[in-house]
Each structure stands twice: as structure tokens, then as C-alpha cells.
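Paired with chain B in one complex and with chain C in the other, chain A is shared by the two complexes that follow.
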Partner chain A sequence: MKHEKLVIGLSGAIIGIVAVCLVLLGNPANMGFCIACFIRDTAGGLGLHRAEAVQYVRPEIIGLVLGSFLMALGRKEFRPKGGSSPITRFVLGFFVMVGCLMFLGCPFRMILRLAGGDMNALAGLVGFVAGILTGIFFLNKGYTLKRSYKQTETEGLVMPICQILLLILLIAVPGILFFTPAEGGPGAKHAALWISLLAGLIVGAIAQVTRLCMVGGIRDFVLFRESRLLIGFLMIFVTALAGNLVMGKFSLGMAGQPVAHTGILWNFLGMFLAGYGCCLLGGCPLRQLILTGEGNTDSAITFLGLFVGAAFCHNFKLASSGEGPTVNGKIAVIIGIIVVTVIAAVNTFSRKEEC
Partner chain B sequence: MRTYIATFFSHFGAIRFHKMLMQRGVSGKIKPVPRDLSSSCGTCVEFGMDWESNTAFPEPPGFQDNHAENTFLQKDFLTGEMEQIVEKIETGYRKVYEAENI
Partner chain C sequence: MIDARGRSCPEPVIMIKKAMTTKESSYEMLVDNRVSVENVTRFAKHEGYAITVEEQGDDFLLHMTR
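Then we have the complex of A and B:
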């Protein structure tokens, strides 16, 4: 037990250092990693939305899936399975992205924003925990998306292969992709392709071994007083904080934080929706990518839900910006909370069996 | 007394199984699935049981050869939410039951 905690703690430390290094090497501030932002950028890079400021096929996402895939193969844990309410998972993924882009970050970036001194992320953290607690309420009442079933090897390989094809496009024929022009926004800020890919591969492999998951960390602590997964994220916070302080990247406050807004209520509600949806999905966006690499097609569908959600967010002006949240975004978050609650209730109380 | 770990497709399945064990006087603990058992991150129930002498479970499990015909084990023990049961042994785990198509 102690050994596992040590491994997770060290893994968190490595991931925190990698995240700070990515910022130093070109990624946007407090955005060494952001699964939501990077999926959004990738959707833009493929032209699924036309927000020019956020268009870049992020090699980190490719690396995360492939890092997990390779590690799972090596550990004989590549076991394709799926069929657990895939369309429901797609919808949940969609609205998790709506919540993340209201806040401007996934749970991973929320930690990195806090480590950079961005106090707006505190409201997000409180909302995130509240969302998870709401999800746990339904878990304890009988919520389930039903069981998954063994799938063919081919089915499990599809998403990792798609990531390889995406990488080939990025390297060999970048001309057909969309890129944010220089100085044109966060999409223009990125580390070199190979560095981003390597960072993704390292973090993907580590996350596969440790099962690192922000939602799982808080959920397990609440349900079982089990702190293993939480230790990983605490170590990400500590090392990223130390790295930011050493590199002069720490800036304490609320106003003027990079790729963030100061709307406390909407930071709270955005991450409430994200935490709520992720708890019902069984894992944060990072975890969904890792499980996708392990051949979990339910997580692959969730990944696609996040992807399409990101495109919608920018096509219909749901995503916030440094200026603050949009009216459309506020409406979408409220709709999201209602939809997620309906999904939770239907998959909890429609069950005939009682405890 | 042997120690077993049961894993489930849902958190609620674990809660329900744990409750059923307690009702039959079997001590068990709900906890996250151990990493060395699975790469998935669900909920499991660890419980100790001496199958031969426990009157609440009238027959040994016989999971692998489907020996437990129409007994309490088949009717209630193996709920549709159960993914697998393993026995903790010195060298790791010994699989004693696995749901179909996992």
C-alpha cells in the first residue's frame, strides 16, 4: 500500500514537472496540459470549428492515448471492452466539455491554474467537488450505465490507430490542417511537436500504470477515505507550484490570469457540471483518454463526445474567454446540469431492484 | 479463512453485495479495486469466508465448474452486477469466478 502511494506520488511529481516544462517550451501559461483545451484545439485543427485562436492538432492528446496504449500492451492490459450505454456516455462527454470550456480548463488544468496562482480556479475546485458529491449521491442510490462487454481487438485498436493517422497528417501533410496564426491566440502557443508528443507519451504511460484520475481521487477519498489517487494530483500541484515559483511563472490573484475569467459563479458552475458528468462517467477527461488507449470503446465514445462538444462550444459561442462567460455558454451550462441530472435520475431510479 | 475479492460493473453492485454479506454475518470491506488486480478503477468488496463451514453459504462455490446448481450462490450471490471473484493467495490472485464476455 505504502509502495503504491510512493509510486503515485512520484508519478504526480514527474507529471507536474513535465507540465511546467511544456509551458517553458512554448505552451500557453498554466496550460502544460489541459485535456479539454487540447481536444478543443484539435477539433479546431481539423476544422470542426472555426475559432481561429484555438486551432492546433495537439500532439499531447495523441501521445496520451498512444502512451497508454503502448503501456497497456506491454503490461498485457490491452483488453477491448465496451457497450455500456455508449450514446449516454457521448452526451455526458459533450456536456463535460461545455462545463470545462465555461471554466476554461479540465480538472487537470484546474490544478495547474491553482499552481500558477490563479485563484479563479478555487471557485472551479469547489464546484468540481460539489459536482462529484452530487454524482456520488446517485452512485450510492444505484446509478449504473450497465455492464460492458468484451469487444474485438480491432474495435479497441481503432482509436489508437486514428491517433497515429492524425500524427501522420500533422507531420506529413500539415497543409490540410488548420493552424492559429502566430500571435493569434492560445492555439499558436505550443512546444515543438516532438516534445509535446513525448510529454504526452510519458504522461499517458504513467497515468495508465497509476490510474491517475482527478475524479477518482476525490470520489475514492469521499467513499473510502482512500487517498492514493488524490496524492498523485496533490504532487502535481506541489511540483507545478514549485516549478512556477522557481521559473518566475507564479502570479497570485484573480484578475489578468492567463486564459481565465473572473466570474466566480460561472467558474463554479462550469466545474460543477464537469465534476458531475465525470463522476457519472467514472473518470475525468484524462482518464477517458487513458482508458481509450487500453481499448475501452466506451471511453473512446466519451472522447468523441468531448470532441464534438468542443466544436459546438466554439461554433455556437458557448466557450468563455478572458472577457468572461457568454450568454449562450451560461444557457448551455444550465441545460447541461439539467440533462446530466435527468441521465443520473433515469439510470438510478428506473431500476427495479432495490438495495 | 480464505480471503476473496469481488469486483463489479457498478459501484451500487458492490454496495448491494456488501449488504448481502453483512446480512448473512460475513464481514467484508468496500474499497477501490487493487491496481495489481485490474487497470480499471471501480469498487470491490474484500471478504473473508470459510466456505465449508459457513452455514449461510451451504455449498462450496464451485464457480469454475458450475457446481453450485440452483443454490443460494447462483440465485443471489452471483448478481448480474458481479464482474469476477478472485481468491487472494500468496503469489497474487486465483480466479474463481468470471462473468461471461468481460
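Then we have the complex of A and C:
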């Protein structure tokens, strides 16, 4: 048990260091990693939305899926499975993205924002915990998306192969992709391609072995008093905080924080929706990418839900910006909370006997 | 025998947690992935049960006793 906690603590520390290094090497501030932002940038890079400020096929996402895939292959844990309410998962993924882009970050970036001194993320953290607690209420009442079944190897390989193809496009024919112009926004800020890819591969491999999950950390502690995943979470925070302090990247306050806004209520509600949806999905956006690499097609569908959600957020002006949330975004978050609650209730209280 | 095959994290642990409220001396559970094996093992040990894992093809049979 102690050995396990040491491993996850060390893993969290390595991930925290990698995240700080990515910022030093070019990524936007407090955005060494942000699964939501990077999926959003990738959707933009493929032209699925036309918000010029956030268009770049992020190699970190490709690396995370492939790092997990390679590690799962090596550990004989590449076991394709799926079929557990895929369309419901797609919808949950969609609204998790709506919540994340209201807040401007996934749970991973929420930790990195806190470690950078961004106190707006505290409202996000409180909302995130409240969302997870709401999800746990339904889990305890019997919420389930029903069982998954074994799938063919080919089915499990589709998403990792898509990531390889995306990487080939990025390297060989970048001209057909969309890129944020220099100084044109967060999409223009990035580390060199191979560094981002390597960082993704390292973190993907570590997260596959340790099962690191931002939602799982809080959920397992509340449900079972199990602190293992929470330790990983805390070590990312501590290491990134130390790294930011040493590198002079720590700036305590609320106003003027990078890629963030000061709307406390909407930071809270955005992460409430993200935590709630992720709890019902069984894991945070990072965990969904890692499971996708292991051949889990339910997580692959969730990934696609996040992806389409990101495109909608920018096509319909749902995403916040440094200036604050939009009216459309506020409406979408409220609709999201209602939809997620309906999904939770239907899959808890009207369960039919298992097939 | 509790069949938790196909159930994803954290459902198998919730299932065994609910079952263990009756404090039987032994339980058996069938799961189909290593994450569930790890999570159920951790919980069962915490509850004072000794656990053995038997691989059955693609599945894992967990015996918990105390």
C-alpha cells in the first residue's frame, strides 16, 4: 500500500514538472496541460470551428493517447471493450466540454491554475467537488450506464490509429490544417511539436500505469476513504506550485490571470457541470484519453463528445474568454446541468433488469 | 457470487461495498479488468478481508475471506 502511494506521488511530481516545463517551452501560462483546451484547439486545427485564436492540432493529445496505448500493449492491458450506453456518454462528454470551456480549463488545468496562483480556480475547485458529490449521490443510489462488452482488436485500434494519422498530417502536410497566426491567441503559444508529443507520451504512459484521474481522486476518497489517486492530484499541485515559484511564474490573485475570467458563479457552475458529468462518466477528460488508448471504445466516444462539444462551444459562442462568460455560454451550462441530471436520474431510478 | 463484469470504475467497488454491509465471512466476485481487480482488492483489504485472484480466461475471479 505504501509502495503504491509512493509511486503515485512520484508520478504526480513528474507530471507537475512536465507541465511547468511545457509552459517554459512555449505553452500558454498555466496551460502545460489542459485536456479541454487542447481538444478544443485540435478541433480548431481541423477546421471544425473557426475561432482563429484557438486553432492548433496539439501533439500532447496525440501523445497522451499513444503513450497510454503503447504502455497498455506492453503491459498486456490493451483489451478493447465498449457498448456501455455510448450515445449517453457522447452527450455527457459534450456537456463536460461546455462546463470546462465556461471555466476555461479541464480539472487538470484547474490544478495548474491554482498552482500558478489563479484564485478564480478556487471557485472552480469548489464547483468541481460539488459536482462530484452530486454524481456520487446517484452512484450510491445505483446509477449505472450498464455493462460493456468485449470488442474486436480492430475496434479498439481505431482511435490510436486516428492519432497516428493526425500526427502524420501535422508533420507532413501542415498546410491543410488551421493554425492560429503568430500572436493571435493561445493557439499560437506552444512548445515545439516533438517536445509536446514527448510530454504527452510520458504523461500518457504514467497515467496508464497509475490510473491517475482528477475525478477519481475526490470520488474514491469520499466513497471509500481511499486516498491513493488524491495523492497524485495533490503532488501535481505541489510540484507545479514549486516549479512556478522557482521559475517566477507564480502570480497570486484573481484579476488579469492568463486565459481566465473572474466570474465566480460561472467558474463554480462550469466546473460543477464538468465534475458532475465526469463522475457519471467514471473519469475526468484525461482518464478518458488514457482509456481510449487502452482500447476502451466507450471512452473513445466520450472523447468524440468532448471534441464535438468544443466545436459547438466556439461555433455558437458558448466558450468564455478572458473578458468573461457569454450569455449563450450561461444558457448552455444551465441546459447542461439539467440534461446531466436527467441522464443521472433516468439511469438511476428507472433501471430495468440487466440483459 | 457478484458478477461485475463489464462494470466500469467505481461500480464494482460500490457493489462489493454494499454487499459487505451484511458482513459475511466470504465473498466471490467476477470482474473483467485489472483496474477493478486493483480497486476491489484495495477496498477488501481495507475492510479486513484476505483476497486471492484467479484468472479465468479474460475474467478475474476474486475470493475474499476473513
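As a working rule, the second predicted complex is superposed on the first by the 351 of 355 C-alpha atoms of A that agree within 3 Å, B and C clash if a C-alpha of one lies under 4 Å from a C-alpha of the other, contacts with A are read in each partner's own complex, and residues count from 1 in each chain.
Simple rule for what comes next: a residue touches a chain if its C-beta (ideal position, glycine included) is under 8 Å from a C-beta of that chain, and two chains touch if they have at least 3 such contacts.
All values reported here derive from a predicted model rather than from experimental measurement.
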Exercise. With both structures lined up on chain A, is it a clash or a fit for chain B and chain C?
Worked result: clash
Exercise. Which chain makes contact with more of the residues of chain A, chain B or else chain C?
Worked result: B
For this session: Report for A:A72: first if it touches chain B alone, second if chain C alone, otherwise both or neither.
Result: first
Exercise. Looking at the overlay, does A:D298 come into contact with chain B only (first), chain C only (second), both, or neither?
Worked result: second
For this session: Have a look at where A:Q208 lands relative to chain B and chain C in the superposition and call it first, second, both or neither.
Result: first
For this session: For A:W194, select first, second, both or neither according to whether it touches chain B, chain C, the two together, or no partner.
Result: neither
For this session: Pick out the shared contact residues on chain A: the ones touching chain B in one complex and chain C in the other.
Result: 77, 81, 84, 139-140, 144-150, 211, 216, 220, 223-224, 226, 228, 282-283
For this session: Would you tell me which residues of chain C are touching chain A in their complex?
Result: 5-11, 13-14, 17, 32-35, 38-39, 42-43, 45-46, 58
Problem set entry | Touching residues (chain side chain A, partner chain C) in the complex | 1, 77, 79, 81, 84, 139-140, 144-150, 211, 216, 219-220, 223-226, 228, 282-283, 298
Seminar exercise, completed: In the complex, chain B touches chain A at residues 9-13, 15-16, 19, 30-32, 35, 39-43, 80-81, 83, 99, 101-102
For this session: Name, in rising order, each residue of chain A that touches chain B in their complex.
Result: 4, 72, 75, 77, 81, 84, 139-150, 208, 210-211, 213, 216, 220, 223-224, 226, 228-229, 282-283, 287, 291, 294, 353, 355
